[in-house]
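Please read the structure below before turning to the comments.
Naming follows writing order (A, B, C, D, E and F), and every chain is counted from residue 1.
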């Protein structure tokens, strides 16, 4: 693994618990490299396991949100939280899943200008509310989302992704985690 | 379990997976009641398991932060996020752990006025920065915290609790989760 | 009287003008103790008299707002202003008047989640606008309040309480006034 | 008295209690006209009396703050609260007392650019903190003000004026009180 | 030319390029004095020429906005940006063009309270959105403005003036440019 | 020229004045395509000429700021203003000039985390202050910048670029100008 570009040393594969090593090797096999978030969190095994179990529960689950839509939520809310790691890494994933190479850069700066469907616009409006002023969430927000075809389980999914990245953005900013160079041009 | 006071039905114990039922029963045995957060999240087993694994990793771990100090972080940042559930439930725990019955109400409104040690004040200043403007975290913040005796692992612990409750507050606000009546007067 | 917990010495009863001493003794008789706000302001007799004359004109007046509703306004706006004294002291009074022991803690953190009637919700929406962005008050706000049964005198009453506590919260924060221990558990 | 330019009718002199009429006539004699704030509040006699007793206690008191300095505080904080009545009326008074006809317009827009002494700049910095984020007031603010020659009673005076106009600005915005035409050009 | 009241020396007429000298002399002939903005920018000829070419293109153009309406936009947005030079200088011009001597002081503090027509209120609402949160501009804003009789070219004109003074306010704040004494009382 | 992706039709080359057509053709020759900002503004010839004269005066001038440093200012402040056009187009130019393909994406999200020299960090801190709270600029800011080797002319250059893009970002948001597809991957 590379030297840490952040405030804490990145874990070395040989020193992490077996299950975490396997988890990371599988990711490396698929991605071609080890995203820094894995090496940054692996030094705290219990937190690593919980973090990625949560991540997988929200991001890998098959539901009404497409893979690209999930990444839209991550990119928009991470932009609002000024998280370099999450914007760059998940913009890459959004490009790959959406096959729209320009979309991520638009959403990262101002999702209101991005080339998305009205239903996705409503999804992002709500995700941003969860990210920035969740105390104002009201039943009216659910009514609006239902008018775009989302049911209450979908609303939970949208909100939970925004909530999870509220955590994730803060950990990346705390540790000064930087994106791997590979992410910047992936899927362009 | 009680009827949901929020936007989603609370899970019923008989319908949840065995490991989650056991987890909840153990909590009930200790607390004397089932805190709503358990019943609210149990309808999503994978998220429940990740959430409480994360919670336990941060809140139950023995480290340089006392149990009361961990709860101070939760109460202060949840106040900033206007999360009724987390402020009320964790104020109860802060009263219990600190044996200072007045402290939690002070910290929930304005931690700067609370009766805490300078080291705890520095801890809360940093936790609030993680909660509200994590993109501004700088190396200088680490220097300040070290001057109060915290090492870099302690800083991670402080920040990670604030980050985890950024998630937790948003889930509570999304689901409109309300605190059990028992919490309000516990430890007074 | 107790030693000051704030930045200025609390007045001693024997040193204050006669009318102020009588005012304070009457409060003490009713409450069982002397709330710190009386001892904190008594060192400035002219300001003391004006402050409590204003307070009484707004809070003791019989009008369309119940005693509990007046206290709801105080607790919600003092929460927004992060005033420990006012939130704790008036939460006590709200518990006493409303006989709903859980309400004050909810309103202090996020009145949108509190168990209040729609008319009270509209009242609090307006009070918070007075507290935080009064320059945006428009005729439309009056229309909304009238639709909930408030007439223009009621609107004045709601707004004037919010305005008075804009003053009160700032004086408490300036002097670092802390609530008497008695308030925290009163009415629970 | 003129017709109300605001949301509530202005009181007519013949209908107000004797003491209030005398108060207003005395003001009229001195100013040459009846400032709208008197006619706007006179319809609520108890509030009128408390308001002006408070006003007089803070603004007419002889202390370390000159009359012009008191008005500087009013103009700066009322500008921050976007209160047309208070900015226009007290800019007039600031011009009269300071004999510096340009100062008020500068302070109303940005006191940092106004032609004031360093001690007055420190006074205004603190007054603005009271007006906009009083929960952050710290002992360090007192140290700074002492370094400019203010003692703790002076700090109270500065803060109390800012606090009183937090109330006053909100009442003016609530009632949509507009300044008398006379104020705009007075003292230029 | 007078000595600079700001952070950079004001240009002297004899030292500026011929076209700029002529431009300034023409302004002086019309106004009776040289507004500081001309002397402040003349030390950078290329920027001077572009700045005033832009200014003239927006402010001198005959279009659906009256001269007074253009100045309303400048005063309102410059107030929001706390720019002393622009508020004072353009308030003078607004008084001259509108022949309403009280209007400018109202708009500078809170345009919502100013004595303007509904169409002008809509114009100012939009100009303020351009000034303070242009990323939220939506097609709905255009619909609202059209309902007040503005076509899309008018919307461009409104927005472009607000955008140009976003630049102008920042240059004035950067250089600490102060208004000439003449402006304060002009047109009262 | 392409069809407008924004709210106003893009000018067609054949319909614009001769000097503007030449200007645009020269840009096209150099860039290989016509950036949308040229076609969007060309329908207003006088504004076009002033805009690009200003742009050239600030961005093409040889001074203490390298071409890459000028673009850093544009990208950071345009990110703060959520301007998709300016972030995407000038990130391309920053990549080309800096030959650091990762820098622009970092600066667009959070310049505090970007791989820049301390002097560039100070430059960006100041540019962001100009962009977001120019009324707070103080002499101390100049002292800080001088300690990094910038003289007062350099400070003007930094601030003027931030001020110009305050205008530019607002025009792009007003017209809903979108970046040409070519920009997104240029220089990666």
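Heads up, the rule we're going with is that a contact is a pair of C-beta atoms (placed from the backbone, for glycine too) under 8 Å apart; a residue touches a chain by one contact, two chains touch by 3 or more.
Since the model is a prediction, treat every value here as computed from it, not as a measurement.
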*In this assembly, which chains make contact with chain C and also with chain F?*
A, B, D, E
_Report the chain whose CA-based centre is farthest from the CA-based centre of chain F._
C
*asked:* Between the options B-C, A-C or D-F, which interface matches A-F on more than half of its contact pairs by residue number?
replied: B-C
*What angle, rounded to the nearest 5°, describes the rotation that places the Cα atoms of chain B on chain C?*
180
*In angstrom, rounded to a whole number, how far apart do the mean CA points of chain C and chain E lie?*
44
*asked:* Suppose each chain is reduced to the average of its Cα coordinates; what separation in Å results between chain B and chain E?
replied: 51
*Mark out which residues of chain B touch at least two other chains, giving numbers and ranges.*
82-83, 110, 135, 173, 176
*Interchain contacts, given as pairs of chains that touch*: A-B, A-C, A-E, A-F, B-C, B-D, B-F, C-D, C-E, D-E, D-F, E-F
*asked:* Give the list of chain A residues in touch with chain B in this complex.
replied: 7-8, 44, 46-47, 49-51, 53-54, 56-58, 61, 81-83, 130-131, 134-135, 137, 139, 142, 152, 155-156, 159-160, 162-164, 166-171, 173-176
*Where on chain C is chain E touching in the complex?*
135-136, 138
_Footprint of chain B on chain C - complex, ascending_ = 79, 82-84, 87-88, 91, 101-102, 105-106, 108-110, 113-114, 173, 176, 178, 181, 184-185, 188
*What does chain D use to touch chain F in their complex?*
110, 112-113
